[in-house]
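The two complexes that follow have chain A in common; it is paired with chain B in the first and with chain C in the second.
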Partner chain A sequence: MTHPTGRLSDVVHQRHRLGILAIADEAARVEFTYLHEVLELTRGNLNRHLAVLEEAGLIVLEKGYDGRRPKTWIVITDEGRAALSAELTALEELIRRHGGRPHR
Partner chain B sequence: MTHPTGRLSDVVHQRHRLGILAIADEAARVEFTYLHEVLELTRGNLNRHLAVLEEAGLIVLEKGYDGRRPKTWIVITDEGRAALSAELTALEELIRRHGGRPHR
Partner chain C sequence: MKEHSYDAADHLLDEVRALRGRARADRHAFGYPLVFFGTLTVFSAILQTIADALRFPPGGALAHLLPKEFVDMVWVSGLIAGTGLTVWHYHRHGYRTGIQTAVRRPGVLGGLAVAVPLLSLLLPFDGAPFHLLTIGLGLVALACVEHSRHLWIAVGLYAAAVVPAVASSGIHLYERLLERSGLDGLLGPRETALLFPAAVLLVAGLLALRKTRP
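Our next item is the complex of A and B:
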């Protein structure tokens, strides 16, 4: 049977993208600047990861205004929720195999 | 407070390297061919990931013979166990924040 890490997808598993999906999944939508601050990513780096997730259909970007200020919101798609669920399930199995801690 | 994914290290978190460390941590040492089969990696790809882990001091490679056949064993170091423990702790926190499943 494939090792749990064999069921992880690089698109989702990359640590910044995993953070983006996890945070986006906690709300109906999440604002770009919030992600930039919480994940401590540069705007350029965040944009690159958002492009990978959007290309994979795991998020959509909504453009709008807050007053006169342009804003971008990130919305996780159903496909994104399913991909995050598969990732968390595989990680849970990895952790279970390890009893939560490395073997002393 | 940094998001849990902000405490992950790319050296450890990359899915194949995470698999190598997790398996290596389950035994005193693990044989190259076993890893190659269980993780379904090509020998070249496995060698590249082992080099990254060895360079980071998280594993050491032991060369020997099984009869006349040359063998390579992978041994996780104390630093490797500590790095794996930090990774699993951060992943556990991520999963806990998510109640084990994405929010419906």
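Our next item is the complex of A and C:
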């Protein structure tokens, strides 16, 4: 059986990207400014993380307007949900191997 | 990158849990719908009481002023308006907070569109009891998309309050409860039974509004 660390994805495991996916998984879609506030990231950093996740096919970006203000909405894809679930399972397995008791 | 200690993994999972909890709390917006449907139930109970009172004496000048069909129409209009307002409210809340609930998910609306007419054919209820069951179905659909323990508790309490309200023996139970508290005589027996599910909706809705992100 593979060690749990072998199942951690380089794309998803980064803590901010994991946070983006966890939040997006809780909603139909989430706005850029919300992620910027909750994750306390600069706009540039957040943009870079979103680009990595979008390139991996884990999220989709939807551009729109609220009146005249441009808005970017983030939607998690089925692949994104699967990757998030696999990452959390691997982390829980890692903790279990060390005798801890993880719970989601 | 892949040399992870137990502490790091545990810390990461804690962070994910905290983020999920915050996102869920920010997304929740079920307070106003509960208050709306609670108010609709109380209003309909009062309207029904007035309609019943106007029917006496039979054949009197005011007997046809508030027919049963009008009270039913108020119920149905209220339920349709409430559903539309709930979808609009969630849309607006999502835009304002930046995190949207999948309240227009086709499965949820489709399930309701099938379940409500089906129940009207299968169950021997009409009037207020049927409308209470329709609200109950809507609440279950909302609880499914909200993933809220608070809302599921409200659904459970509402169901417990509705079962006696739709059963004739339950109506007597509610009457006795009101008699003991000295509040009997204000409304008719059927209308009194509506007040308990309405109270559950109003209390749960107002509590949720206190917790909702402004």
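A few notes on this one:
One rule holds for everything that comes next: the second predicted complex is superposed on the first by the 100 of 104 C-alpha atoms of A that agree within 3 Å, B and C clash if a C-alpha of one lies under 4 Å from a C-alpha of the other, contacts with A are read in each partner's own complex, and residues count from 1 in each chain.
As a convention for this text, contacts are C-beta pairs under 8 Å (C-beta built on N, C-alpha and C of every residue); 3 or more make two chains touch, one makes a residue touch a chain.
It should be emphasised that the depicted structure is a prediction, and the values quoted were computed from it without experimental measurement.
By the document's definition of touching, neither partner reaches A:55: not chain B, not chain C.
Once the two complexes are overlaid on the shared chain, A:34 sits against chain C while remaining clear of chain B.
Shared-chain residue A:95: touches chain B and chain C both. Once the two complexes are overlaid on the shared chain, A:26 sits against chain B and chain C alike. By the document's definition of touching, both partners, chain B and chain C, reach A:13.
Of the two partner chains, chain B is the only one touched by A:81; chain C is not.
In the overlay built on the shared chain, the residue A:66 is in contact with chain C alone; chain B does not reach it.
With the contact threshold set out at the top, residues 5-6, 8, 10, 13, 15, 18-19, 22-23, 25-26, 38-39, 88, 91-92, 94-95, 98, 100, 102 of chain A are in contact with chain B in one structure and with chain C in the other. The residues of chain B lying in touch with chain A in their complex are 2-6, 8, 10, 13, 15-16, 18-19, 22-23, 25-26, 38-40, 81, 84-85, 88, 91-92, 94-95, 97-98, 100-103. Residues of chain A touching chain C in their complex: 5-6, 8, 10, 13, 15, 18-19, 22-23, 25-34, 37-39, 66, 73, 88, 91-92, 94-95, 98, 100, 102, 104.
Within the complex formed with chain A, the chain C residues making contact are 1-4, 6, 9-10, 12-13, 15-17, 19-20, 22-24, 26-27, 94-95, 97-103, 105, 147.
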